[in-house]
Structures are given as C-alpha cells and as structure tokens.
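Here's the structure we're looking at; comments come further down.
Letters A, B and C mark the chains as written, and numbering starts fresh at 1 in each.
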Amino acid sequence: MEQILLLAGLRSAVYALLALGFTLLFGVAGVLNLAHGALLMISAYVAFTAFTILGLPLVLAVILGVLATSLVAAGLYRSVICRVQHSSILTLVVTLAIALVLQEVVAMAFGLGAKSLPPPLGGVSTVAVVRVENVQILAFVVSWLALGGCWLFMERTRSGKAIRAMAMSGKGAALVGIDIERTYTATWALSGALAGLAGIFFSYPGGIDPRMWMDPLIISFAIVILGGLGSLPGSLLAAHLVGFAETFTYYAPQVHIPLGAPWVGVPSLLLTVLILLLRPQGLLGRSAP
Amino acid sequence: MNRRRQSRASYLVFASVVGTLALLPAFNLVPKEWYAPLIFANFFAIFAMSWDLLAGYAGQMNLGHALFIGVAAYTSGLAGTHLEWPPWVTIPLGMGTSVIVGALIGIPAIRLRGPYLALVTLLALIAVYKLVLIYSDVTEGISGMSFTPKNFFPPLGYDVPLERVKLVTYYYSLGLMALIGAGLLVIAHSRWGAIFRAIRDNEAAVEASGLSPAKFKVVAFMVSASAAGLAGAAYVHLPVLAALQPAGLDGVLSLDLSLSIIVASVAGGLGTIIGPLIGAYITKLGQQYLSALPSQVEALHILEGQGWISLLFWILLVLLVLFARKGLLPLLMGDLLCRPVEEIQIHTGRSQQ
Amino acid sequence: MSAILETHKISKAFGGLQAVHQLDLKVEQGTIMGLIGPNGAGKTTVFHLIMGTLKPDRGRIHFKGHDITHRKAHQIVELGIARAFQSVQCCPGMTVWENLELCALSNHLFPQLLHDRAHIIHVAERLGLLPELDRLPAMLPYAGLRRLEIARAIATEPELLLLDEPFAGLTPSEADELSQTIQELRAQGMTVVIVDHNVRSVMRLVDRVLVMSFGELIAEGPPEDIIKNPIVQQAYLGNDHP
C-alpha cells in the first residue's frame, strides 16, 4: 500500500505534465486537442528510433523526441487546426482524425506490436522503506522541473506573458499588439513539447504501441475536466487525484483487488463523465465557455 | 410547398438507389467477390443514415455512433452464443439495449452542448470498448467473437445451399437497408424532422414555440440508436461475417467505425439522409476496391493490409472538413433534397439578448 | 376585469446589478399595457422572468391562477404566453411557413397542429406574410423579419402576448399597420404587453402604462397622466424626454 501511494505521488507529476499541455491549449485557444495522446506517441517512437535503430545516446534521443513532437504540434496548427479552430466541433473531428492518422502511420512504420524503450536510468532505489525504480524518480524530478520551468516561462518571458494574455482575452491581447497567430503557434509548440516530455516517461512501465495514445488522452481529459477547463492549479490537484486512482487501479492486483492494467483509464473515464454530468464547470476553476 | 418537393425528390432518389441495387444481381452485374463488400455497404449505409438523423438533422454531434451499433451487436451476439437464444429474440434484444443506451446518452444531451456532448459520446464509446477488452473471457476481446450457423438468421443458416447464401444475404441486407432507410426518411420529413432541424438551428426558438427541446433531443437519440441498433444486431447474424470484432475499420465498437461514418456522411452531404446513403456506398466500395488493389498491381505490393486505407480515410476526412463541408450531393443537386447543413453544426448555447 | 398575469415582489440580480427589484405587476385581461422606462430599467429582464428564460431570485409569478415561477420556458408558452423577441428568434434554415408551423405544434410526443393549416395562413395573412411563405427568413427585409417574429408569437395561440420593442426600426407607415394589427388582436380578446423605452410611440395604443426605472415600478396610470407625471420626467432626464 505504501508503495502504491509513493508510486502514485511520483506518477502524478507525469500526469500533471501530460495535462498541462492539454489545458494550456484549451485555456489559450479554446481547443480540445484529441490528438494530444498521439503527440505523446510521436515522442516515444522518435526516441525509440533514435536510440534503438540509429544508436544515438539516450539523452539525445529523448531531446530529439521532444523537439520532433513540438515541431509536429506547431505544424499541425499551421496547416490544419488554424482553419477549423473557430468551431469546437470541427476541431474535435479533425484532431480525432489526426490522432488516427498518426496511429496508422506509426502502425505502418513499426507494426502493431509493442516496442519497449529502455529506461534512461536503470536500477532501483529505496525511498523510506519502499523500493522504487530509479526511472520513476527521474520522471518525477524531470516533470516537476518542467512544470516549474513552464511556470517561469509564463511569468517571466514575453512570449509567456503573451500566452497568458491570450488565455484571458483573445481580443484584448490583439488590441495591445500581441501577434495572435504567432502566440497560437508558440502555444502549440509548447504544448507539443510538454506532451513529448510526458510521452518519454508515460511509457514506463509498459511499452509503446500504436494504440497507446488513447489512455493518456483519457487521463488528460479527466485531469483537465476535474480541475476545471483552463485552470492550472486545479489541474495540478486533479493530476494527483487521477494519478492516485489510476496508479491504484494498475497496482490493485498486488493488494488482491481484481483490477490491473486493462482497467487503466476506466477511473478517468468514469470521473470525466460524472463531472461533465454533475458539474460541467469542474471542481475548481472558472466555468467552461 | 418547397419542402414537399424536397421530400418527394428524396424518396425518388432513395427508391432509385434501392431499385438499382436490387437489380444488380438479376443482370449478373455483381462479381462473386463483390457480394460481401456490398452486404457490408448496405449495413454501413444504415449506420450513416441513422447518424445523419442525429447529427445532421438534430445537430447533436455524436462522435461515438459505433456505441449504438456495438452495444446491439454484442448484446445480440452474447445472448446468441452464451445463452443460445435464437436470432428472432436476440435481434430485438440488441436493438432494445441500444435504444436504452441512446436514451442514456440523450438525457445528458439536454444539459450538455456542443463539444461537451461530443466528448461524452466519445468517452462512452471508449468505456464500453474497454469493458469488452476487460471481459475478454466472455467477449473474446480484441480477436473477436466467432459464430456457428446456429446463430445465423433463420432463412440463411440451415437449408440454403452455400453458393446461394451470399445472394440471399445480399437481399436480406438490402431489404433491411430499404426498410430502415425509408423509415428514417419518413421521420426526417415528418414533424419530428422539422423539430430536429429547428433544435439544430436555434434551440431558443424551439422553446419559444412551446416545444420541449429536451424531449425531442432524447427522441432523436432514441430513433437514431434504434436504427443503428437494429442494423448492428442484424449484422451479427450474417453468415458472411467471419468474426464480430470490436476494433479497427470493420470493428463494431471502434473509433474507426464512428469516424468512417462521419467521413461517409460529410462526403455525401450532412442533413440530407440521401447524401450519407450515397456517401456510405462510395466509401465502403471504394475501400474494397483499394484494398484489392495491392494484390493486383505489382508496384503496390508493399501496401498489403488495411492500414493505408484507414490512413487514406482519415486524411480524406481532414480534407473534407477543410475544403468541402457541404458534401458531394448538395454540390451536385443544390437544395433539391434538403437545404444542406453548411458545416457540422454547433450549439454554443441559447442566444439570448 | 380580472388580472391575467400577476407578479409578486419578483427580484433578479446579475452579479451586483439589481436588474429587477421587488416588482409587483398586474396585467388586466383584455387590455393593452405599456411597460416603459429608460434604457437599462429592467423591462426586458421582466419579460425574461415571465417567459421562464430567466428565473427570479425571489418572488412569484402567477398566470391565470397558475404559479409559473418555476415552470420551464416551453411550458409557459404552452400555458398561453408568447413573446416576440426584439431580435428575431427563428430557424434560419426553415422557410417562413415552416417556422410558423413549428409554433403552431402541440408539445406532444407526436406533435399535432393546435388548429389547422388555415389558421396558420390566417396568422400569416394578418401580418402580411402570405407572399413570403416559401422564403427563407434571410430573404425578408427587416420589417418582414419583425412581422415574422410577431407572427411566430401569435401562431402559438397565446392569451397573453409580450412584445419587446415592436416598433423599433419600422417606418411610420409600418408602425401604423402594426398598431392596427395589435388592436385587432385585442378586439379578439388577446391581452398585450408592449415594452418600449418611449411613451410617445405607444401612447395612442395602450390602455395603461407602467413606468420602470432601475428595476422598480415608479409610476402607473393611463398614458395621458404618465406623460405629465413629474417623477417619470425626472427618470427620463438625461435620456430622451417621454
């Protein structure tokens, strides 16, 4: 039980990272990006190719994965999403189609079977009587560093401030001379990079396969909707709630509860649907538009 | 009246499509290997038309239409294989389950609008899909359920000689399509249809007319689910079906099916019933033609398998949404059949002053 | 004469803004009543509260003896109140005929016409929409849209008709025609409430006038008295004079 709690705490940081990119896009552009999960997959597969097939050092492979995802996200925005984002329904249809396009591309290139990316850090440590894999600790540290970095970026840099201004009022931001198109593109790139980083760590434990995008997508939904669409502190809290629920589900067989890996995503689904039905504005945060 | 002319034109086009399909085998125009795709296309047409009534007419964006199909298919299939109930019991049972699921999705639709409703339909589909995988000892999971002749629809299972099975199945599926399609057309051109379109266009105006949008939204969901459910349940009992799969383009509980229904409907023209009908045949038969291509053309051997066809579909969907939202039929026939939906409709909430 | 509609101390606030405060309103059956007041006085909010598109924070609303405070908007229409919006509330994809037919349907699972087609044609004729029946609303001129909006309200066969700024944007001759139509409706027993921010435009038409300012009723009486009322003139100072 202690182990599940600790793992949940570590894993929730990855979930927060995962949801941050998703909620950022929603807050700034009002876009629910159903291809968010597929972006995770891109980074995982790029890192896999760079490391296993091209034989590059793992750190470089990870950086390549994150960069590639960021580029793909920005490219998607410039080529397709910018033409449909005025309509939330069209955006849903198109981003879902894009997720399936990416799934098919990956399946054609790598096959449907699962591949495994070796962890960037091997070994096991003992944290307060509980044994955890080092990669989980690394994931936790990197995720919090990324979350902190993201916060600094939003607070201190010009682009970050522009993104925050856009989230508050698109029209207002345009009036004070913020380049809307550029800011949207930057938000997509940032969202992609966050998804890419989360994608590297999301694949432990378990491997990567072309259908892996669905669970992270469902989990980001749950977190973002639980925390209130577009609310960052709410998302952090929600990430931990969902993180615990999902981690518990995954490790439940260890405490003799008949759940386990196939059930991952079900708690998030239930949470999301319940909240959408009972409190469409989420637990925390501003009401949905 | 304008509308009467439109409905007459719709019935006429529908009758000629059904008539043409009925006459094809009589003139030996169907090669043997095209029977199975045509049978699947008949079902796919029902799926697309029933989706159109809900999304195109009533404006209730359903990203998980496969839920209605899959729930009926699995209910019917499970009752047939595990309880060994005959098809004439399991088909209505599957359809009934689907109608209940339709009502369960329709009730939240009263409160949820636009993207939130679309999300609920999507998540509900994923949830049921996960359940099928989780209980794979009963449902046989991702590999799919297989059936014995005992589960086939009575006129098809026992006495029919094997070479005639396909022909009989073809007419059976075409008959079902004609029946359900005609029913959907009648509803689309009835007062219900008018109310559905009004809900899509302006919910506040419907309220101001003294009509309950909530009630008719649930009606739209239940009608659509009953048509999709009847087809889904009947689909299970086909002798040509190798296995009842949950995933993939031919799976009954898949995102792929949901989205390919949208591809067909948008391609044909939303909010016309006839458009999705024709779109369904074009996409399904196109899929068959393309998947046969690699084995016939030397240079295309690397494209063996279904993956690249799915890829083509999803790219086509993106292109349609970007460049041709009106769809094929309204493009060719103007507003002869129905004023088309300019683009997939959204409700951003009642427009109040 | 008895009151067909009564509100008892209804209040509605939007955030910090008290749009309607403790409003008591009485509409006598078979009369034409004017509800006037400067812009922002809360007149349109009162219509929203009566029609159920907004719910009052406090107070009750009675129509023909029924408490309609918590009824849904479409139920209130079914009971016999209709409202012509200031902005036109029609379905842009449906013809004028279809729009009117929709209003004339009963809210049953299988909707039926409340009367017959002749009745809808009569409503269309009365508002001069006969030549436009097969047109889409977008093809109508502005005055035509206003007539369609009023026709939609009448097609629901109301006993009480609420008109929100019906004369706004009409030419004097169009306004005269509309006044005549409203008087005909009253002659048939319909009760009418007209919201306008200007007394003058409705004074020849209405039997009684209620004046609102800042969410409260400040004066009530026949139009000729209201025009002379110093409190009303005070309320309009800085706006256009009544």
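Criterion: contacts are C-beta pairs under 8 Å (C-beta built on N, C-alpha and C of every residue); 3 or more make two chains touch, one makes a residue touch a chain.
Fair warning: this is a prediction, and the values are worked out from it, not measured in the lab.
K.L.:
Out of curiosity, which chains are bumping into both chain A and chain C?
P.N.:
Looking at chain C and chain A together, the chains touching each of them are B.
K.L.:
Pick the chain whose C-alpha centre of mass, unweighted, sits closest to the average of all protein C-alpha coordinates shown.
P.N.:
Smallest offset from the overall C-alpha mean is found for B.
K.L.:
Report the inter-centroid distance (CA atoms only) between chain A and chain C in whole Å.
P.N.:
Comparing mean C-alpha positions, chain C is 52 Å from chain A.
K.L.:
What whole-Å value do you get for the distance between chain A and chain B if each is reduced to the mean of its CA atoms?
P.N.:
32
K.L.:
Averaged over CA atoms, how far is the centre of chain B from the centre of chain C? Could you give it in whole Å?
P.N.:
Result: the chain centres lie 44 Å from each other.
K.L.:
Help me check something: in the complex, which residues belonging to chain B touch chain A?
P.N.:
These residues of chain B touch chain A: 61, 63, 108, 111-112, 114-116, 118-120, 122-124, 126-127, 130, 133-134, 255-256, 259, 262, 307-308, 310-311, 314-315, 317-318, 321-322, 343-346.
K.L.:
Which positions of chain C touch chain B when the two form their complex?
P.N.:
It comes out as residues 44, 48, 51, 53, 72-75, 77-78, 82-83, 85-87, 89-95, 97-99, 101-103, 105-107, 109-111, 134, 136, 152-153, 156.
K.L.:
Could you pull out which chain A residues touch chain B in their complex?
P.N.:
Those in contact with chain B are residues 32, 34, 80, 83-84, 87-94, 96-98, 100-101, 104-105, 107-108, 214, 218, 221, 262-263, 265-266, 269-270, 272-273, 276-277, 280, 288.
K.L.:
Help me check something: in the complex, which residues belonging to chain B touch chain C?
P.N.:
1-3, 191-192, 194-195, 197-198, 200-202, 204-213, 215, 219, 339, 341, 350-353
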